[in-house]
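Dropping the structures in below, format is structure tokens.
You will see chain A twice below: alongside chain B first, and alongside chain C after that.
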Partner chain A sequence: MIVCVAVVGHQNNPLYIQSFTEADDALKLHHIVHCSLDVVDERVNNPRKSGPTLNDTFLGLLYPTENYKVYGYLTNTKVKFILVTTDLDVRDADVRNFFRRFHSAYVDAVSNPFHVPGKKITSRTFAERVSTIVKSFGLSSAG
Partner chain B sequence: MIGVGKIKQYTNVLDKPLSKGKQEVSLSAFAFLFSEMVQYNQTQVDNIAELERRLEDAGYAVGARVLELLCHREKGNRRETRLLGILSFVHSTVWKVLFGKALEIGCGGTLVRRVLMEESDRCQVADSLEKGTEHEDEYMISEKELLVNRFISIPKDMGTFNCGAFVAGIVRGVLDSAGFPAVVTAHFVPVEGQLRPRTTILIKFAEEVLRREARLG
Partner chain C sequence: MGKEVSESCVESLLTEIVSSYGTRFYANKPDLAARRIEAIGYQVGHQLSERYTMERPRFSDHLEAIKFICKDFWSELFKKQIDNLKTNHRGTFVLQDNRFRWLSHMSIDPSPENSGSTQDPSAVAENKAAEAASMHLYFPCGIIRGALSNLGIPCAVSADISNLPACEFLSFSALN
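Up next is the complex of A and B:
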């Protein structure tokens, strides 16, 4: 169950935050996303030689908290995608697939000539595509 | 993968997904659009410097988006953190996607290998990347004729105005979004034996980029 997705710009400014559950406090999810940015910076600046290769886009599991798991993905322009989920048994391939489609939707949203880089993403189409991807993530990992 | 599923015919070109690469646009359509852009900007400004700045800003917007798009399209693309890495990315991938040409790399003014353009019958030196000798932070991409300048002739009273400012803006957008702030300008360089001068894109990196590069070793 994906709880929240977020797009964070290269100056760590939030570009898009969307939560998909009514139960939890939105502020708490914002806080979790914010904390995970530190982990992203740490991964980027001190690459583990034995781990994923330098400059890979998918950062993997950033850190597990109480009942959430946080995954990260870094694009070429230092834009970060953060995914917060409550699933206990998430396959790595599923998350990569999710981020790939999310990246595709993001590129489409940014290619809009009326989108100002650095400002929040206000496109409704982007919001719809993201909710579609989130729903299909839940289905595919359950099956 | 052959025979997997049906290829969907998109009636509306706006519905085509962005990730189907290798789209080609007709040169005349692009030249028309570009000429309209230059003419429109000309009516808005009073002097040449402002016109050049506007073209460059337009190119900057394109460059920022092109970087995102290419990062997504290229399978297994890595994030460039080194200077030479991002420069070779600009001249090979970006140039190939935007202008359909391949580049060559040159060091210190000498050309290492030449790449032939498939479209033209006669041999042409396509492009080159060179490191400037005066300053450590200057790099040059030179091209025989920029695609955007092909159908443009500058009147005498406009002096040194170069519509390549648009391409300079694209390069600046790509470098800026990748984390390498730079000042990019386009210049005409007259060459003996040719009627039209070569165009050179001059890239001057900011101080922090050089410091970071020195720190990375």
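Up next is the complex of A and C:
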């Protein structure tokens, strides 16, 4: 289950962060997202470990904690997507697929002429689309 | 993705933007009009670059990003690539389009307004043509600047039209 997704701008400014848990642990999840930004920087600056292809937008598993796995994705425009999940065995293909759909939702949201670049994404349509994508995460492998 | 836009609509819109800003909103301040048109282009370029770089690996250096602008980005916008790319390897890039689509359909009003002047009439017409065309180039300049700065290359872009309808875009980036 995905517990948190975040969009972080190129100056590490939060653009969108949403947790999907019942419990009141938003702060903890935000902290995890925050910590992962350093790992993203590290991956980008020392690309030797960053997966099979150099400069791939998908950064792979950033770091595992006791309860969570954190995945990262970096677009060409230096916008970072962070995904926090509680699933133990996650297939890379699923995560890639998730990020691809998430990216196109993001692109549609920032292409809105009323969206101010660099500001938080407040679009309700985007939020709904994200929660649909989050809900369908991993279903392809299960079913 | 895959949505198409009518070319003639875009051209009419551009003409209308230029004439609205140039002769109505900021009739006495052509500099301000140019800046506003450039700003519109900037936002468009910013958003388009976000969309068109979606399914590709990240760029490792500036040259790669510029090449992307010349090839894929230009193809998406104008159905052709940039004809010639020159660089001094110190942050200046010259993008040359031998037949720039948004200028190729332009014609200039031939009515001789300055008939009393001593200047050669063909020179006057040429001047007017250059002036009118240059107003239409702030928008594409803004698009290039918006796309490049979204890809992490802050720069200044200007256009040069010495022989229409060919057009050269000069991009100066501060870094590099």
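Keep this in mind: the second predicted complex is superposed on the first by the 136 of 143 C-alpha atoms of A that agree within 3 Å, B and C clash if a C-alpha of one lies under 4 Å from a C-alpha of the other, contacts with A are read in each partner's own complex, and residues count from 1 in each chain.
Rule of thumb we're sticking to: contacts are C-beta pairs under 8 Å (C-beta built on N, C-alpha and C of every residue); 3 or more make two chains touch, one makes a residue touch a chain.
Quick caveat, the model's predicted, so the values are computed rather than measured.
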* Based on the superposed arrangement around chain A, label chain B with chain C as either clash or fit. => clash
* Of the partners chain B and chain C, which touch A:T57 in the superposed model: first, second, both, neither? -> both
* **Which of chain B and chain C A:V107 touches, first, second, both or neither** => both
* For A:D41, select first, second, both or neither according to whether it touches chain B, chain C, the two together, or no partner. => neither
* To do: Considering only the touch criterion stated at the top, classify A:T75 as touching first (chain B), second (chain C), both, or neither.
  => both
* Could you look at A:H10 and tell me whether it touches chain B, chain C, both or neither (first, second, both, neither)? => both
* Asked: Touching A:D92 in the superposition: chain B (first), chain C (second), both, neither?
  -> neither
* Asked: Following superposition on the C-alpha atoms of chain A, which segment of chain B from the set 4-12, 76-84 or 112-120 overlaps chain C?
  -> 76-84
* Intersection of chain A interface sets (partners chain B, chain C) -> 10, 53-57, 74-78, 103-104, 107, 110-111, 113, 117
* To do: Using the touch rule from the top, collect the residues of chain C that touch chain A in their complex.
  => 1, 43, 46-47, 49-51, 53-60, 150-152
* Report the residues of chain A in contact with chain B in the complex, numbered from low to high. => 10, 53-57, 74-79, 103-104, 106-108, 110-111, 113, 117
* Touch list for chain A against partner chain C, complex -> 10, 53-57, 74-78, 100, 103-104, 107, 110-111, 113, 117
* Asked: Which part of chain B faces chain A closely enough to touch in the complex?
  -> 17-19, 61, 64-65, 67-72, 77-81, 177-179
